[in-house]
Each structure stands twice: as C-alpha cells, then as structure tokens.
Amino acid sequence: GVVLDRVEKTKQLVVTVSAKWPPHAFLNDKHELAGFDIDAANEIAKRMGVKVKFETPDFKLVTGGHWNNRWDLAVFSITPTKARARNINFPAIYYYSSYVFVVHKDSKAKTREDLKNVTFGVEGDTTADDYMHHAMQLDMSTVPPFKYLDFTPKMITYKSSMLPFEDLRLGDGVRIGAVIAEKATAENAIKHGYPVKMIPNDTAFLEPVAIVTDKGDPEFDKKIATVVDSMKKDGTLKAISEKWYGADYTQATPQ
Amino acid sequence: MPLTNRKKYKKANTFYAVVVLAILIGLYFYFCIENTSWLSDLVKQSSGDPGRVKFYSTLVKWVFGVALFIANFFLLGKIPKRIQILITFAELFVLLGLFMATFQLSLTFILSKVGYMITQGAFTTLYVSAISIFIAFCIALVTAIARLSSNGVAVGLATFYTSLFRGLPLLIQIFILYLGLPQLGFIINPIPAGITALSLCYGAYMSEVFRAGIQSIPKGQWEASKALGLHKRKIMRLVILPQALKIIIPPTGNHFIAMLKDSSLVSVVGVWELTYVSSTLGNREFRNMEMLVTAAAIYWIMSITLEIIQSRIERKYNPATR
Amino acid sequence: MQDETKYAITMENVNKWYGKHHVLKDINIRIKDQEKVVICGPSGSGKSTLIRCINGLEEHQEGKIVVDDIELCDELNSLDQVRGNAGMVFQSFNLFPHMTILENCTLAPIHVKGMKKHEAEELAMNFISRVQIADQAHKYPTQLSGGQQQRVAIARALCMQPRIMLFDEPTSALDPEMVKEVLDTMIELTDLGMTMLCVTHEMGFAKQVADRVVFMDNGSIIESGTPIEVFETPRTDRLKLFLSQILHN
Amino acid sequence: MPLTNRKKYKKANTFYAVVVLAILIGLYFYFCIENTSWLSDLVKQSSGDPGRVKFYSTLVKWVFGVALFIANFFLLGKIPKRIQILITFAELFVLLGLFMATFQLSLTFILSKVGYMITQGAFTTLYVSAISIFIAFCIALVTAIARLSSNGVAVGLATFYTSLFRGLPLLIQIFILYLGLPQLGFIINPIPAGITALSLCYGAYMSEVFRAGIQSIPKGQWEASKALGLHKRKIMRLVILPQALKIIIPPTGNHFIAMLKDSSLVSVVGVWELTYVSSTLGNREFRNMEMLVTAAAIYWIMSITLEIIQSRIERKYNPATR
Amino acid sequence: MQDETKYAITMENVNKWYGKHHVLKDINIRIKDQEKVVICGPSGSGKSTLIRCINGLEEHQEGKIVVDDIELCDELNSLDQVRGNAGMVFQSFNLFPHMTILENCTLAPIHVKGMKKHEAEELAMNFISRVQIADQAHKYPTQLSGGQQQRVAIARALCMQPRIMLFDEPTSALDPEMVKEVLDTMIELTDLGMTMLCVTHEMGFAKQVADRVVFMDNGSIIESGTPIEVFETPRTDRLKLFLSQILHN
C-alpha cells in the first residue's frame, strides 16, 4: 500500500505522539521526547529498519483520521472504540491501562461505595467520561469485565487531565471529592506531592491501548501488527513497560 | 462618502448582465464540476497516462474557473452597486458551500444535534458573553476616564490594570482566577470565574478603545463646553462620549465578536458552552468535522447579528451617514 | 446704579508663554462693570489668548486675573464661578455636531442652570430667532452654511444670559448681511447691563457701542482709549499703519 | 489635554508623603502579614473559639488594609502626578507578587525551565505572530479600501471576507484550513496553516478598524486634496491614512496583543509555541501552576513591549500630544 | 491674445438638489477666459454650492457644466483635467493637519505635477512669503492662528499655478490687516492671465478687479453686470436691500 511504500522509500516513519502525557510521553530534562510511547515507537521503527520522526498534533486531529499522508503512525495512547474505528485503524494493542478512583488525603472513603455523595472530577471526552455515563464503547473481548458505579454521583467535566487534580488538591470536597483517572497519572501526582491517594484495591476498569494508523493501507497495518506482536513475544515491550511504569502493563490484568 | 459611484446604469443592461452571468455559471458547473467525463475523454485521446489525465483536467478546470471569474467581474461592473454586492455575496456563499461539500459531512447527524447545540451550547455562550460584555463595558468606561484623569493614583491603577489584563492570556487568567481565588478563601464557581475573567480581560482591551475615542474629540469641544460652565462629568456624558461613540463603535464591535468566541475558553473549567458541546457530541460518535462546521455556522450567525447591530448603531452615531 | 470702584475684570502684570513663545507680555487692564471694550490688533498679536485666559481656558503663568471679584487661581471652584458668569463665543464655532441647533442651545441652561426642558427651549428659541435661524432649529450644525453656524454659536452663548460676554471675532465668519443683525443683537445686550469684551475689527460697531478700544500688538497692549481717541488720533506708528490698512478696504 | 492637573507641589511635601507612606506600609506588613501572632493572642483573650479567632483576625486585617488604602490615596494626593503613578505601579506590583506567593510556587523549578520556554516557546510565538501581524496588516488595508470603494464586487468580496473570518472561531479556522485544504489538493504544514489562519482572522478584525479610521477623516480633507488634483490612491496614502493612523493605532495595538496570545491556538496542529511548551513542561512534574505563571509573565513582558511601541507611535501620529 | 468666443466656464440650465432642497435653480452663466467674476449674495443662497459644482466636488443633477472645453460628466478622466486646471480655496481652510505649512504647499506640486522636492519648496516658499508667513513655514497648522491658517490655504492653492482659480470667501476669516495683502496677491494673479471666480463681499476688491459681479439669492442668479452697474444701479429690491445692509457697516 501507499504508506508502506512511502516508509520503505524514504526510510522514515512519521509518528504522532503526545508531549503532555507523562509517563507515556513527555519532555525530559534535556527537552527531548521520552516515555513509554516514545520507546515503543522507536522500537517499532528499529524493527522496520527506518528512522523515526515525531510530530505532536492535537489528539483530535489524530483521532479524526484523514491524515492526508502527513503521518504514518500514531503511538498516542489511544483506546480503540467502535466509533473511532470509523476513521482510523487499530492494528495492534500495545498495553493496557487501568483507571482508579483518587480521593483527597483527608478523605475517609475506603471503598467506591463511600463516594456516593461526593462530586466527581472527570476529564471530558475520555473513556473515564464514558464510564461515568455508563456508556463504554470498548471491545469487551479483549478486556476483563468491569462494573459501573451503581449510583450516579454529581460530576464536573474538565478539558484537561490535570485540572481535576488541581481542584481536588484544594481540599476534600472543596470543589470535588474524587477523581477518576489513569493509574499512572495518579501515581505521578502522588509522587510530586499532591495531597491525594487512591482507593486501594479497586480498579474502575481496564482499557486496551492501541497503535493507530490511517485508513487505506492493510499491508502496512499487517506489518505493524507483526512488529508489535514480535515485540510482545520477545519481552521487549515488557521491559519498556517496566522501565517506565515499574510494572508489566502489557497484559490484560489489573496492576 | 468621498468615494462615490458616479456611473449611471440602465435597467436593461442589468437584466442582460445577470442573465449572461447565470448562464455562464451554469455551464461551468455542468461541464467542469458535475459532468467532467468529456474532459477526461478528451485528454485520454491525446495521452493515456492517468497522472497526466488528472493534471490536465485540473488545469482545464482552473483555466475555465479563472476565465469565469474575470467574466463575472466585468459583467458585474455593468450593474448597479447594490445588486453587485448581493450577487457577489451569493456567489461566495455558494463557493463556501462547495468547499464544505468536499468534507462529505453527514447532514442527518448535524440535524439531529443542532437543536441541542443551540439550546444548551449557544444559549450558554450567549448568556455568558452578554453578561461579560456588559460588565466589560462598564469597566472599560471607568478605566478610560481614570486613565485620562489628573489623579496619578487613578492613572496608575488604570494603566496597571489595562496592561496586566491585556497582557495575560485569557486562558491563564481563567486558571488563575479559578485556582487562585480559593487560596484566598473565595471558592468561585466555573461560570462566575469565566465571566469575571472575560470581563476583566475585555474590559482592559476596550478601555484602550474608549481612551482613544475620547482623546480624538477636538479640544474645541471641551473648551466650548467648559465655557458654558458644564462640569467634567457632564461634558464627558453629554458632549464627548456621544461623539466618541462614532470612533469607539467599530473596534468595540470587533471585541464583542471576539469575546463571543473567546467565551469558549470557559469550557476548560467545565462550562457547557457551544464549543464544548460541539466537541463532546462530535467525539462521542467521531463526527468532529460535522460538529465543528455546525458550531462555526452558529458562531457566524451570532456574529452576523452583532455586525448588523453594530452597523445600525454606527449609522445612528455617525453624522456623515445620517 | 453703577458702583465707581467695581471692576468686572482686572488683569495685573499677566504674562503667558507657549513653551518659549512669549504671547502675553505684562498685560494690565481693568474693565469696569457694564463697560464695553473692543480689542483689536493684527493677527497673532495675542487677542484670542488674552480672552481665553479670562475664563480660564488657558492658564497664565504670571500675574493676577480677577473676574467679578473672584481671582482665577488653581481651585476648580473659582473657575466654575467665573465661567458661570462669563459667556464666550469662539472664532471657530465649536458647535456640538451631534446635537441639533436647539439642543446645542438648551444644553447648558438645562444641565448647568437646571432649567426645565420646555423653559430652556422657549428661552433658546428666543435667541435663535434673534439670529435669524428659527427655521433651522431642528437641523444639525453640519447641515448649515458657515454663516449660519456662527450665529448658532452666538445664540448658544446668549442662552446662558451671562453677566460678562467674551467674543472672539464673533462676526468674522458671517456674511455682511448678517453682521448687522448680530451686532444689533449684541447692542441690545448692552441694555441688559452686561460687561462685554469683544475682539473684532468692526469699526462701526466699536464706534457705536465701545466705551473703550484696546489695540494689541505682539502680545502687549499698545494703546487704549475711547473709539474716537484710538481711531482718529492714533499715537503710535504701529496703530497708524494698522488703521490705514483696515480703512483701505 | 483637556483634563489638566492644576495643582502645584512643593518638594518637601513630596518627601514627607513618601516617607510616611513607606512607614505605614512597612508597619502593616510587619504586623498584619509577617507577624500576626499578637493578633490571635489578642482575640484569644476575649474568646477561645478558634473559628472566631480566625474570623476576627481576618476582620482586623481587612480593616487595617482598607485604612492603609485610604491613607495611601490621600498621601499620594500630595505629590506630583509622575511620582504618584510610579508609586501606584510599584504598590500594585508588590500586591500581585503577594497574591502569587499564596500559590507557593517552586522558584527553582521555574528557573530550570524558563530558558527553554523562551528559546523554544516564546521564540516560536514571536515569530509566528510577527509574520501573521505583517500579513494581517496588508490584508486589512486592502480590505478596508475595498469596502469603501465604488465597485460593488470589491465591496461584496471584502464584506463577505470580513464577516466570515471575524465570525468563525480561530480554532475552527485552523482546523478547517489544516484539514480542508488537503481535500483541494494542497497539503499545508502546521506553521503555514497557523500563520494563514491567524493572518486571515486578524486581517478581518483589523480591516474593520482601518475602515472606521478612514471614514473618520473629515470630508474637507478629501475635498481639498481632490481640488488639488490628487488621485484617490495618493489622497489615501498621503492625506487620509497618516491622519487615520491616530485613530487606527490604539485598536490595532489591541489586536496585535490579542494575536500574540491567540497564536497559542496553532499548537493544535503541533507547533511548539509558548503555551504548548509551558503546559508540556508543567504536566510532566505536576507543576502546572508554575509553568502557567511563568508563561503568563513572558506573555506580559511581550505585550508590554508592544504597548510601549504603540504609545511611541501614537505620540508620533497624534498632533495633540506632539 | 484673447479669443472672442473662448469661454473658461459655461453653465447651462444647471439644477441641483440636496434631497428635496433645491439649492441651484436653472443657473446659466458663461465666464470668458481671463475674466474676473465676483459672486455675492446672502447666506445660504448657494454660492458655495455653485463654485463646488464647477470643479466637481458636488454633482449637479441637471444641466451642463463645461470647464476649459471639458464637459464635467461621469468620467473620472474629465474630472481630473478640470481639477488640474482649477485651483480652489475653501471657506473653512481644510489644511492637512499632519503636515507642516511647507509640506501642505508642496504636496500637490510634487505628487500631481511631479516636481522635484527642492523645486517645489522654492516655489512654495515664494507663495508662502507673499501671504506673509514665511517664518511659520515649518510649523503645523494647529499652531497658527485662524488668520494665518487661511493664508496658508491660499498659498497652497496658488502653488499649483492653475488657469482658473475658485475662491470661496477666501478672506472672510482673515484679519482686516491681512485682507489687503491677500487681495493684492490675488490682483497680481490677474496679470498672469488666470480666470477667477470669487465668492466675496469685499466691495473694494470687486470694484477694482471684477469684470462682472453676480448676485445670487435663494439658488438663482438675480442680477449680473459690471461692478458699477450692480453696486450703483441695482434693479431688484432684493439686491437693494442686500447692499443697504452691507453698506450700513
């Protein structure tokens, strides 16, 4: 197909990543891109025998499809859904991400049942948002089953993954009392001294995260699938995961 | 108006020009957009290479397009200005529509969502903007007068305010207000935070406009009013501001329209205004382009409304066009 | 009725500079209550500046100006009182372009004197009629010809019925036909007991109403006296030259 | 200036006023901000309830604060305007600093990142804005003249353009350009797409400003120039525009400053300008507030620079202040 | 030197309305090459409008205006030619406030005639000196007194050395002292063979230079003839009244 031909001809793989999604992808102290997504993308390119060029467009531009040959691949921590599949392809799943409930340090909540009367902070237009609305569109075959909340809490939706944490940090219940967030993000927040904690031993849900390509080149998709598969098989991906997350995120089990 | 139209037109001319124009446009559409097979056939006969076929077809389309454009220009020159403007508008509108058509948007999806976008999204946008505009207007007036006053403290306060709130990005202002005020003990809700930030920011912009407007009124007006014994406040209200309005209105219109759209920034703190609603709806079913275009159209309609209001007010306060 | 020692306007050693340009040089003049004074002199001699200093539109840098027993100093209050008593007509009309003629004339009566709107309009129509533009009362200034505009400016000042009237070449932009009408109106005002200070070159007017004519040149008062003294027995060469040029026409 | 300062000041007065003011402010800081234990001690003696203690402490702080504010106002009234403005500025700056201090920002983190923010972020912002401003200026000039012309087609084109690009949110313009042009066969890169959208949008805003400026010049100027035999183009360039500048500059300054900040929207297509860089750096170590404030400061400095340039130009073209 | 049948300006049945206000009514007038014509009449009689129609600043709705053999029609070209030949001085000065006096005067010579800057400045200084403001050449208009400003406007028009000069009350805002200077300059121009059309009420000037005086009232030409005919043997009552009012001063 067109994409594969181009990549092989130019010996270059144009990969879109995020730069604001630690620890998946971010700028390190030398102001270079680093993180799990970056290492994974580099590894894919290495196995294809080409060089990588990173671009950082908006999430929406990537998930909207119609890349017009601007980019070849997205290693963007995107979760496959049925709706998204209309515009883009998901040739391979490369890790699983778990979502947890985060509360203020002073909170007395021990289980999710204790969160019945608190206001939730959620990043809008994410799987977390879908989860809160009981409207997950995940392909259930690849993930273990999960339970929706059996109550409907009050909710504030934000346009960024950071703002819920900023609001939670103001105090327990000052604006919000709980956040539903990616575990890696929550851990990062705790590491940087945010006065928050996770509800222990409770994973809201586990979502698969896929490599993304534009529509229109099945050969390229197949090639990516084989490459990722080989990375999984020989443990390279696991090693990368352990490097960045301190655990193996490549298996469909809650960490 | 110094640039007047000295030409005189005959009715018959107008009629023929419009008819010829319509025929030309019709032909172009039929042969260059709807039904281009004759073109590829023609090119194919001389060369079989498909890349070349495409290139030549495009070339022919462009050449005819430019010819049509020129013919359009000349034909329109023959008719009165009013109709010229109308036809140009219509043509551009159709062109815009054609451009949009290349995106192959799902009209049914748009129609199913547009109601909610207006009742929830556009309504919130309008009401947040309207309140902010009102407050910004009051702030701007006070600040402008303070900047021109003889009191150094007032000048200092007003200048600092203008500089700071013009200088900081609105988004950052919203963040700082939303996250900073709680540190001082005021918990502020998303909508009030958004309105405060919008008012402060646009108040700063508009105070510059007001200041310039007030400064532009000739000294003679102040002198004549002073000599009549009027006080500063009354001079400002009765003599200076009504005249300054002529100069103030157009840039104020700009800022009102800009604010309408900047109000979308308040969605970061969770206000469901038009942009937010459109992107949420679009994301859910992955029809972002549809929602973007619909939101754009709604914004455009709102801003056209503001434009019309502006031109009405402008006509009222500009004696030259009275 | 007139108190011997009462002066409407007193200027003592008044000096004024625009930057380094010395435009008023040691001006000393006393104008009695109800006195009519005409100021004349060549262009740029400081006539307008002098008259503008009197109602505080320009600040003088040295000397003392007392108007109606109130010294013009830095306090805004004194300025208000002075302006309440002194009406002014400008060389350039300075009409308010966004108001009709009638609104121009009723603005100050309503907003300074606190008159009712219909009272003010009645008063204004009276003066508007005197300057022969009653039929234009509802037009805007830009719709009038130059002559008509200056007449509105005069009517507007008259509407405040001030005790002192300052005129800065009020008829210089008027048609000859209209000059008489306006001068007649001004002469009528003298019966009301107003003090008048008028920059003008209308000899006829000066001779008829002026108690005194002041001749300025280059920022100084050169001569002053009754119209007959000044016009018929000029003492300085400068005034002789000036008069010969005026009378040439 | 019609509003002049008639007061005259003595040097000694100035000196005493400044000294008293400094002492008052110092006392307030020491007793109400740095060292408030005496206050709580005092309140505790009369009431043991900790909630009340806090309430009364706050109350006392506010009362003294307001008293200080009033004293400040009166003392400043005794000194010349220039110094008044300067002191007011300094005070406000300190206040702003105190407000920021409540966030407890990590200065070391800011210092470690600010270099990169300037070299990568601010640099990109500046260069994208500068190019866009230049293009927007040209577009605005042409559009304004077209809108005032006697040719209906030109009027129609210009009006449509102004309405459309003022009416659509900039973000949507960037999206449509970036996604739409490839449909017509032009693949456009992020930075050119951003610059195009910024130029078109701000060109539309500024054309309104230019139009109003040109219209505000009295008819007499056109007539005198025409009577001298000058042609429209030269009248515009030599007589009208130089005078219109006086009116055009302040709102143009507004738009330039606004564009500086709106240029952050081009980050959606992957341009690493100031806002993008700051949020990227902030996200990583959960120090968003630090980066926001730093970015805000950099934007403020850039906009102050523009303000100073604006006031220079304004002074040059405004004969009243010459 | 003068061709008998050559007319500088011809107006045939010219009518003009402002909205419904009929300001020029069936104007018929022929002005010979090098003829000097003075127009007078009361305020609002349409003098300014008439003169503005001649160089196309106002459009007339009916009738025909021919200037220097060029008919004023809708084509911009004819307008240019007419304006190239006809200079104009306005009642309100209309100076360019952003240019110095010298720049005001050199603008058109440089940009219309294509003169070199130093040539234009030399020429301009010549006319600026004639109106007695050589020392102000580098000031801006707002820094001059009213009288000085109008003199600049006249100098500016003269700098184009046009074949026809249109004056709309050029001396009405001037000090009497300066009127003579300016009128002298205008009289000098007559030697250069210029056609002159001048709205003015300066009788002395009219008598000295005018070949013909035209009296307008209410949009129509009422009387026209030599200055002696018009001023000494007025036929209509309207003119008699007008003259009596003028001479009263």
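First chain written, first letter: the chains are A, B, C, D and E, and each begins at residue 1.
The rule is short, and it goes like this: contacts are C-beta pairs under 8 Å (C-beta built on N, C-alpha and C of every residue); 3 or more make two chains touch, one makes a residue touch a chain.
The model shown is predicted, which means the values in this text are computed figures rather than measured ones.
Listed here as common contacts of subunit A and subunit D: B. With centres computed as the average of Cα coordinates, no chain lies farther from subunit B than C.
If each chain is reduced to the centroid of its CA atoms, subunit A and subunit C end up 83 Å from each other. Remark: subunit B and subunit E have CA centroids separated by 47 Å (rounded to whole angstrom).
Taking each chain's centre as the average of its CA atoms, subunit A and subunit B sit 38 Å apart.
Touching two or more other chains at once are residues 4, 6-7, 179, 223, 226, 289 of subunit B.
In subunit C, 92 are the positions where the chain touches two or more neighbouring chains simultaneously. Shown for subunit A are the residues that touch two or more other chains, namely 60, 64, 166.
Considering their complex, residues 1-7, 58, 72-73, 76-77, 79-89, 92-93, 96, 99, 102-103, 148-153, 155-157, 159-160, 163-164, 166-172, 175-176, 179-180, 183-184, 205, 208-209, 211-212, 215-216, 219, 222-223, 226, 232, 246-247, 249-251, 253-255, 257-258, 261, 264, 275, 289, 292-293, 295-296, 299-304, 307, 318, 320 of subunit B touch subunit D.
Contact residues on subunit E toward subunit C in their complex (touch as defined above): 42-44, 48, 91-92, 144-148, 169, 172-180, 183, 201-202, 204-205, 242, 245-246, 248-249. Contacts from subunit C toward subunit B in the complex involve residues 52, 55-57, 80, 83-84, 86-88, 90, 92, 94-98, 107-108, 111-112, 140, 142, 153, 156-157, 160. Contact residues on subunit A toward subunit D in their complex (touch as defined above): 16, 19-22, 26-27, 31, 55-58, 60-61, 64, 66, 68-70, 161-162, 165-166, 188-189, 191-194. Interface residues of subunit D facing subunit E in the complex, by the touch rule stated above, are 220-221, 223-231, 234, 238-239, 242-243, 317, 319, 322.
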